[in-house]
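One chain, subunit A, appears in both complexes that follow, with subunit B as partner in the first and subunit C in the second.
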Partner chain A sequence: MGMSLFTPLSWNDSGFILTGILNTIYISVVAIVIGTILGLIVGFIRSESNKLINIILGSFLDILRSVPLIIQLILFSTYIGAMGHPLDPFVAGSIILSLYTMAFMSEVFRSGFQSVPNSMQIAARSLGMTYWQTVRYIRIPIGMRAVFPSWLGVALSVIKDSALVSVIGYMELLRTSEQLISRTQQPLTILLGVGLFYFMISYPLSLYGKHVERKMSI
Partner chain B sequence: MIKIRGVHKSFGDLEVLKGIDLDVNKGEVVSIIGGSGSGKSTLLYCINAIEPINSGQIIVDDIDVHNKKTNKNKLREKLGMVFQQWNSFPHLTVLENAALAPEVVRGLSKKDAIEIAKKELSHVGLGDKFNEYPTRMSGGQQQRLAIARALAMEPSYMLFDEVTSALDPELVGEVLDTLRLLRDDGMTMICVTHEIAFAKEVSDKVAFFHQGIIEEMGTPTEVLENPKKERTQQFLSKVLH
Partner chain C sequence: MDSYEFHWNVVIDAMPQLLQGAFTTLHVSVLSMLVGIIIAVLLALAKMSNSKIFNIIAGIWIEISRNTPALFQIYMAYFGLGAFGIHLSPYLAVFSALVFVNAGYLAETFRGGFQSIPKTQYSASKSLGMTNFQVYRYVILPQMFRKIYHPMTNQFVWSILMSSLGILVGMNELSGETQRLQSISFRTIEFFMVAAVMYFIITKFVLISANLISKRIFKGDVL
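Presenting the complex of A and B:
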């Protein structure tokens, strides 16, 4: 099985493509999980904090949200490398993608926490619940439910944005397909296939999100 | 017994309670009436330490409520409270609403918590609603759920803060019936209420609040039928038309 130039796409490539698909799913799941956990913590801190802490935290999050992800990825991986601590592309990509996800998730969760009426917390406290019991049993579950559709929206865009991690050398689906394109010179077929993959993941999930949203508004 | 002595409470510059003295004995039903802003709801919030007080003392059994060393969460296990807004937990079924605090606060096993929740829900007439979500129920049903939820903590006292004020008129009766049921059980209760006829019927003692003080207090007959103070007379003539 020679890897000479311009060999057309064949079934032998399916393992290679599958690895790309799994790597995309892998880094997306890692970023969504870590970004959700951090976003929950940061969102909670923001909903509980005074103005000063919110301004400091808010500006840090604004930077993460406003600087294009691709620039953050290149800056971080180049800087870390230049400092003499080169990181594996997966690790560097996961760190930046998770922080980027966290920045958006924290806003989602902050509004979730703020949607829980104060009177409901007082009712819970009057039953003898401690502050943290109220957070755990009342505020998190009620607040999270309220923002589930927005959470899903952020998660979906993270899956799509994960394609950018290809620029620092992580072998996810886009980078895999770029290599296949340079070998096969069949960009149309390959990019259509990759596009279809993202569509097949995103579209059903966004339909589901809309369904949940409709159900909640009734 | 609940002993309230010389309680003062301000919100900023506004003094809402200006020296309240009140005793609530075991098994007694005390109704608090008065215009809005007279401080009657605030007093309930001070009794279970949701609001701090500026001076005075509130003793519940042997607990000095506003002492810094008092464990407020332990105190609140003794005091069930029901609010004007029922505040059902929308993510939990009716049964889970009532079983949550017994399990996480009292530390009962899930099985025991569910058992006591079922008992109290059946008591207030929600025995057929265990698996319903509260948002699908009427305000009256949700308010009865709030009562059962508080009862499931097996409190020694119940505090009711205008529990029928947010209800549609046709739903008031079922909630008042539930309160009558508790009175018949011998529950010690403080009811802040606008339902004068109800207060007359169930109370051992009625206190009329006016601008942060107890203007007049006595048996329902004394306060509601033969009020001595002019303010009380004016208030009653207004609410009874």
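Presenting the complex of A and C:
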């Protein structure tokens, strides 16, 4: 056959694949951590605020949830670029993915805060706790434990959605594999490997979430 | 350059194509939802059946669809199936990936909804002289429907949003059409802003109508 345009998959590619895997984990962890912190703050504000603030915050979160992530990513990175401040794909991707995560996390935490009975707060206050002490020692620990399975569900979907950051040029696992596919022309092998990686992360964690949920419902 | 000058004329001229794209988005989401529901019923029945083989097949489908990214599934359908000599068009690739995921998620929704209804209701209805068909038609399914209604709405919205991944395989739904139009005119920001607004309107419209419908059909029910 002579010289071939394509070179098959080899062990030399393992470093390249590993970089893709690490980048996927990296951006997912960043988005989950920042999204959780922001979501906790926003969820708390929403559970404490009056109608007006809730409507304003709610419509902002609505936009994040009702516009496809891929459009948000393209729009944000193009706009920042056109304004003359191009961002590194990792930074741009982290910002959007974190905000997107926050939009879902805030709903989770809001319902967590609301699940703590008011009487508990009153009891805590009557024991001499300050407002922030009731937040710190009563509402966060009790409310957050109740929504752990939902939190895990959102976190898992963030890991899966992080694949979309490839569209603005971040070298995560799926983009890595895309490049390997165009070089090796072995789409099936490579894609199955990629799928297996996501599955091995997501499946055990989803089982754990179900286990916790079952334990809590008893 | 520190400020961006917006040019909306090209976008306004391209409105018919964008609306056509939005129609394709709705089209693929509705179809994938309908086919997904049918398969999900079968998967849920298989998962609850006593047959080990059915259990395993349904379990594999459900777990793969829930634990891998939608983008991976679309790539599998578009690039991966080529290894078996199956070459799907972009539309069919996105459609089948959405069906695969919808079926997997809805199967668990249906199973959960079904199992949430106490078995005693079945025996109670039987003891009142109802036939099997009557038990399901008048007792079990109406309650189940109420439980699965909102998860189904969410799944439909998810399908609309995820069909936007068609942009990556050159499908001509709203995102793909936007991508094509902006590559001709270079008005990237304008086109994607309009697309974002259109997605927002579509999802809001679906959610609000679903809520109105649920208020009508579940009127007087204790949820």
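By our rule, the second predicted complex is superposed on the first by the 213 of 218 C-alpha atoms of A that agree within 3 Å, B and C clash if a C-alpha of one lies under 4 Å from a C-alpha of the other, contacts with A are read in each partner's own complex, and residues count from 1 in each chain.
Here is the rule we use: contacts are C-beta pairs under 8 Å (C-beta built on N, C-alpha and C of every residue); 3 or more make two chains touch, one makes a residue touch a chain.
Every value quoted in this text rests on a predicted model; they were computed, and no experiment measured them.
Colleague: Is subunit A touched at more residues by subunit B or by subunit C?
Modeller: Larger number of subunit A residues touched: C.
Colleague: Looking at the overlay, what does A:10 touch: subunit B (first), subunit C (second), both, or neither?
Modeller: neither
Colleague: Considering only touches as defined above, state whether A:50 meets subunit B (first), subunit C (second), both or neither.
Modeller: neither
Colleague: Should A:217 be classified as contacting the first partner (subunit B), the second (subunit C), both, or neither?
Modeller: neither
Colleague: Return first, second, both or neither, reflecting whether A:188 touches subunit B, subunit C, both chains, or no partner chain.
Modeller: In the superposed model, A:188 contacts subunit C only, not subunit B.
Colleague: Classify the contacts of A:59 with the two partner chains as first (subunit B alone), second (subunit C alone), both, or neither.
Modeller: Neither partner.
Colleague: Could you look at A:160 and tell me whether it touches subunit B, subunit C, both or neither (first, second, both, neither)?
Modeller: A:160 sits against subunit C, while subunit B stays out of touch.
Colleague: Is A:118 touching anything from subunit B or subunit C once the two structures are fitted on A? First, second, both or neither.
Modeller: In the superposition, A:118 contacts neither subunit B nor subunit C.
Colleague: Contacts for A:78 in the overlay, against subunit B (first) and subunit C (second): which applies, first, second, both or neither?
Modeller: The answer is second: A:78 touches subunit C but not subunit B.
Colleague: Which residues, counting only subunit B, touch subunit A once they are in their complex?
Modeller: Residues of subunit B touching subunit A: 48, 50, 73-74, 76-77, 79-81, 83, 85, 87, 89-91, 100-101, 104-106, 146, 149-150, 153.
Colleague: Show me the residue ranges of subunit C that touch subunit A in the complex, using the header's touch definition.
Modeller: Contacts found on subunit C: 1-4, 63-64, 66-72, 75-76, 79-80, 82-83, 157, 161-162, 164-165, 167-168, 175, 178, 188-189, 192-193, 195-196, 199-200, 203-204.
Colleague: Can you name the residues of subunit A that touch subunit C in the complex?
Modeller: Contacts found on subunit A: 62-63, 66-72, 74-75, 78-79, 82-84, 156, 160-161, 163-164, 166-167, 174, 178, 181, 187-188, 191-192, 194-195, 198-199, 202-203, 206.
Colleague: Can you tell me which positions in subunit A touch subunit B when the two form their complex?
Modeller: 117, 119-120, 122-130, 133, 137-138, 141-142, 145
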